Amino acid sequence: MGTRAAVLGASGFAGAELLRILEVHPEIQVTAASASSQVGKALIEAYPALRSLAHLSFVSVEEALESDVDIVFSSLPQKAGMELFSLQEGPKVVDLGGDFRLDDPGRYRDWFGEPHANPDALGSWVYGLTELHRDRIADADRVANPGCYPTAALLALLPLVSAGMIEPDRIHIDAKSGVSGAGRAGGEGFDFCSANENLSPYKVTGHKHIAEIEQELALAAGRQARVSFVPHLVPMNRGLLASCVAQAVPGSSEGDFSGVLADAYRDEPFVRVLLGGVPHTKRLSGTNFAEVAVHFDARTGRVLAFGAIDNLGKGAAGQAVQNANLMLGLSETTGLGDRPLVP
Amino acid sequence: MGTRAAVLGASGFAGAELLRILEVHPEIQVTAASASSQVGKALIEAYPALRSLAHLSFVSVEEALESDVDIVFSSLPQKAGMELFSLQEGPKVVDLGGDFRLDDPGRYRDWFGEPHANPDALGSWVYGLTELHRDRIADADRVANPGCYPTAALLALLPLVSAGMIEPDRIHIDAKSGVSGAGRAGGEGFDFCSANENLSPYKVTGHKHIAEIEQELALAAGRQARVSFVPHLVPMNRGLLASCVAQAVPGSSEGDFSGVLADAYRDEPFVRVLLGGVPHTKRLSGTNFAEVAVHFDARTGRVLAFGAIDNLGKGAAGQAVQNANLMLGLSETTGLGDRPLVP
Amino acid sequence: MGTRAAVLGASGFAGAELLRILEVHPEIQVTAASASSQVGKALIEAYPALRSLAHLSFVSVEEALESDVDIVFSSLPQKAGMELFSLQEGPKVVDLGGDFRLDDPGRYRDWFGEPHANPDALGSWVYGLTELHRDRIADADRVANPGCYPTAALLALLPLVSAGMIEPDRIHIDAKSGVSGAGRAGGEGFDFCSANENLSPYKVTGHKHIAEIEQELALAAGRQARVSFVPHLVPMNRGLLASCVAQAVPGSSEGDFSGVLADAYRDEPFVRVLLGGVPHTKRLSGTNFAEVAVHFDARTGRVLAFGAIDNLGKGAAGQAVQNANLMLGLSETTGLGDRPLVP
Amino acid sequence: MGTRAAVLGASGFAGAELLRILEVHPEIQVTAASASSQVGKALIEAYPALRSLAHLSFVSVEEALESDVDIVFSSLPQKAGMELFSLQEGPKVVDLGGDFRLDDPGRYRDWFGEPHANPDALGSWVYGLTELHRDRIADADRVANPGCYPTAALLALLPLVSAGMIEPDRIHIDAKSGVSGAGRAGGEGFDFCSANENLSPYKVTGHKHIAEIEQELALAAGRQARVSFVPHLVPMNRGLLASCVAQAVPGSSEGDFSGVLADAYRDEPFVRVLLGGVPHTKRLSGTNFAEVAVHFDARTGRVLAFGAIDNLGKGAAGQAVQNANLMLGLSETTGLGDRPLVP
């Protein structure tokens, strides 16, 4: 029999996507799902298509954690998981909540405005950008799933930074997300009539995702990274695009940049490098795939690098399952066979 | 009796918007409208809401120009107007087609890949970014209406460059447009099923709008400007946002930047400066208004400047009418009272 | 100086549309606007485009009614206006809230499940479907603006019923509305991610709009009407279409039906009869126009009649202003010159 | 090794959906795909996500049919398949093109305006509404896949007609489809800017789908059926809803109708009966599921029955695969495990 899994925060969008993926996963079986506001309600009422989970009802977080599971997927709100996963024992955990992505308690405090409640634990978590830390993830019991924006941006930028082809301290990321990135709660500005036929930036300085982007870029570069980052809300349900610009090191050509990306992702099952092309988010919708592309603007000496994902797929639940597959010794692609709708 | 106007290219989106605006303009009366593929068809068939134009039928460009008009609005495709408007005599012209925006024949050849057919004429055209060249426009007989992207980007950037607060050679513009920006012809990728729920960049280097952006920035800066520019297609009908990033001159604060924008646009009837806020394209839809905002990222020393418009309004037909009002000695805001739909 | 008006419920969608229309109305001046949750806030903060109202702040309903106004536009929630407008004195009132549309207190009780709080007043209100009751509206001090669905359905059906060409007791109406029809409050199911790319019927029996539809059809027919009515939610901001089917009286032809509609609306400023065509909601967006069409299905002997409007225009605020113009002795079309955006 | 399949018309939307489904079908392997305008092009260029088909290139229809396949899925345009499938020999065929849905050559001529090119063949085709003709489909070599609208309408209506609970000669169907229903060709009116934020009916009398709806209803009723049918275009990519109204036989109650539907679909793997609820198309997107519901309007004695599907899923490619599974002796649900995206 398969691995038993709990999904925490199963009424949110990322939680729902976890259930959708895991419902047909051949090796992982959801045996508990928490949703604090819906305890006792049958899952099938909320998700009528997930018929193989019809025997389950939503439980509390506590009840889910006390059940006998091998792995926990947590998409609880920020800070909710900080205490829950303090112990080294217990089931493996993939946390989508953003509490364990930074290695350094000092950096955490700087970005979140208060000390981490569980600073000693930070060292035992691995940052779950699968393509970057695959081996460490396979050995880990605790994986901090990356943010959606960092996933797209880092997939586009990391190989270029690692190869020393762009300066890590002059990177700008202009990112755009479909509305589901705001979560189910939504609120003012996220009702249909406000978001439809509208486009706007938000939180144009100091978005918390910058912290993890700079952390990983610095790691790759071997020196400090400095990133400005502007997210935007786009009137579509799913899809995320990070459009990055950086200064190229002198003497480079378009082929050099494309070559680096192509080499980096040659054997990757979920990253498609578009040589001479550009990403389209729709081609990724409902999947764990990413599209990356790089172009060199010889006139200005700048590099334009693009990373696109489904914010709920590779940007959340898909990558969480990809990581879980590794942590459980399964083939990395297991259960991630969804193909995007055309059209 | 009022001024008589011809609209060339009246079956395209910008031409349609010109008709929509002019139909209720109290001083300008459309007396001829060309649409080469629909000669002889009644305007009212194409635009049933424009009942005061019910007596007109589409004519050829030639017929429209031979009619007795005081001003011509031309939204013909690129290069179509290049020969038409070679003479100094004849009616006043506002050209939306992009043939006369560059002062310098050499720059034209560099960006368009061939010599301008009418290079001597370039000097007699004024670049029609109203807020920048208001006085020259009022005196001009030939106005080259700016591109949609340049309008949004320049409104955000020009005051900052003029004030010497950002470096003109390290500016990056990430721009996003609704689908109407592609024109009515559209084609592959612009059918509903392809464009809906999709987001993608296009022409990520070498977009021709860069030429006019750099021209005007250099003029303001008194030295060369270097801009990288990445446009994106967003699934909405109208709306355009230019998100710009630049290096601040040392020693500046957020207030300095906001103050410059606020001063620059204090008395402008169509530019709204959002202090501490961000633009929303929907608030501009169907109008000649622009929203601009600037934020300073002290952490990186970078400035984030935003300009938003309706690509068919201030980005095309609205600004053309604003310019025509000046050229005709009318109040600049005449006939431009449309208010955006909420929601 | 012009007529002074109060808008009650000015933070809702219909209230916002009233402000948008009245802001440029040459004869009516908004001097008070109520929004109970935003008392004291400047209108310009909520509606930055409405600059000529920049001197106003939201007040309470009471304060608005105590101010010196000639006419009140009330888009308060259902039942909120029932007591407010009990007196015969005071300013003229156009009520958009639905409390005074039924003549008969008994019918009110049947459909709303409780007695009307102010039954004696019902007789002094005129049902404000302008095209039907124009003369009575012009003489009235109290006009009950019709519901959005009834407006579209009745415009399509009334001339056919009046002419005795369809049976009033076998009519079915399948209606579709953009999401703004649900009001600003929205709630579950109206967030962008739920409503986008979705289509569903709701309240498929017993919708309260049936009561006013049957009332007006019976009046026109001189005998009882029986209507089934199914509304649907469509993923767009504005627009409403009523697709009606009825049994034709024997011996009729398509031309007979079209002729009746054409005759009925020949001189109407806001109703466009599409002979051989079908309505498109987008052509009406932001305007007070309606499109109606009728087709005869000879094979089944049924008549298919269509009425389309902007639910916030002719379906709410536009028609309210049209009625107010009549009540104030102004030209009926005053201030209603908005033309739909193309595209 | 598995069953070998050819997909004809693989560049259209239904063809693309067939490829998407079959790519992960454990028993059916696509070995040929035709697309007349793209012969020689690699499938992977058009469908980058379908990596297991990367070895295939588009071929001509002739080449696909000459290849060694066990089953053909044909989504060629209307009339293209009429001659191709004239022989009794050769591979099994599921035709999505609409040429073989009518039993009766006379009815074909009446609806299509010309004689069927292959009238003798009609008798050997089975109408592929799986839930209705399951046994005959399992024995068939030729299955005519139903139209999208008929699938949704018949699933809602057939059990009620079979049970004698509604009159088959007074049924009206108001149907709504996402834009992909118009096919990839699209054309005028289907570009993003025209279709977005718009709603309109089309072909309001005489739509060819009526013929198959009446054929199947008459079969179930044992007497003539008379249906009026009005389709509409809705601004979303996928999803189809048929909202039906019919006269109830006297003496019925809501429970009677719901009971009939519940009984009819109790064991169906792909039909969800919503007792007291209504369908939402989004819950079906990308799947082979249908939702049906029925409500009784006691006030008018009418029955309101709803059927919803994904027009490309159960309305085209999904049902084609469901039928193929039966024809090949496989479990009916094989390869049809896709779950809708939430959100």
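A, B, C and D are the chain letters, set down in written order, and residue numbers restart from 1 in every chain.
Here is the rule we go by: a contact is a pair of C-beta atoms (placed from the backbone, for glycine too) under 8 Å apart; a residue touches a chain by one contact, two chains touch by 3 or more.
Nothing here was measured: the structure is a model prediction, and the numbers come from that model.
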Those chains which touch chain D and also touch chain A: B, C
A-B or B-C - the one linked by more C-beta pairs in contact: A-B
Interchain centroid distance [CA atoms averaged], chain A/chain B, Å: 38
Where chain B and chain D are represented by their mean Cα positions, the distance between them in whole Å: 47
Chain B-chain C separation of Cα centroids, rounded to whole Å: 37
Set of chain A residues in contact with two or more other chains: 13, 180, 184, 193-194, 196-197, 235-238, 285, 343
Contact footprint of chain A on chain B as seen in their complex: 172, 174, 176, 178, 193-194, 196-202, 204-206, 226-228, 230, 232, 234-239, 241, 243, 245, 278-282, 285, 295-297, 299-300, 302, 304, 306, 308, 343
Parts of chain C lying in touch with chain B, wherever the complex brings them together: 13, 16-17, 20, 23-24, 47-50, 180, 184, 197, 237-238, 272, 283, 285-287, 289, 337-343
Chain B to chain D touching residues, read off their complex: 13, 179-180, 184, 186, 190-197, 235-237
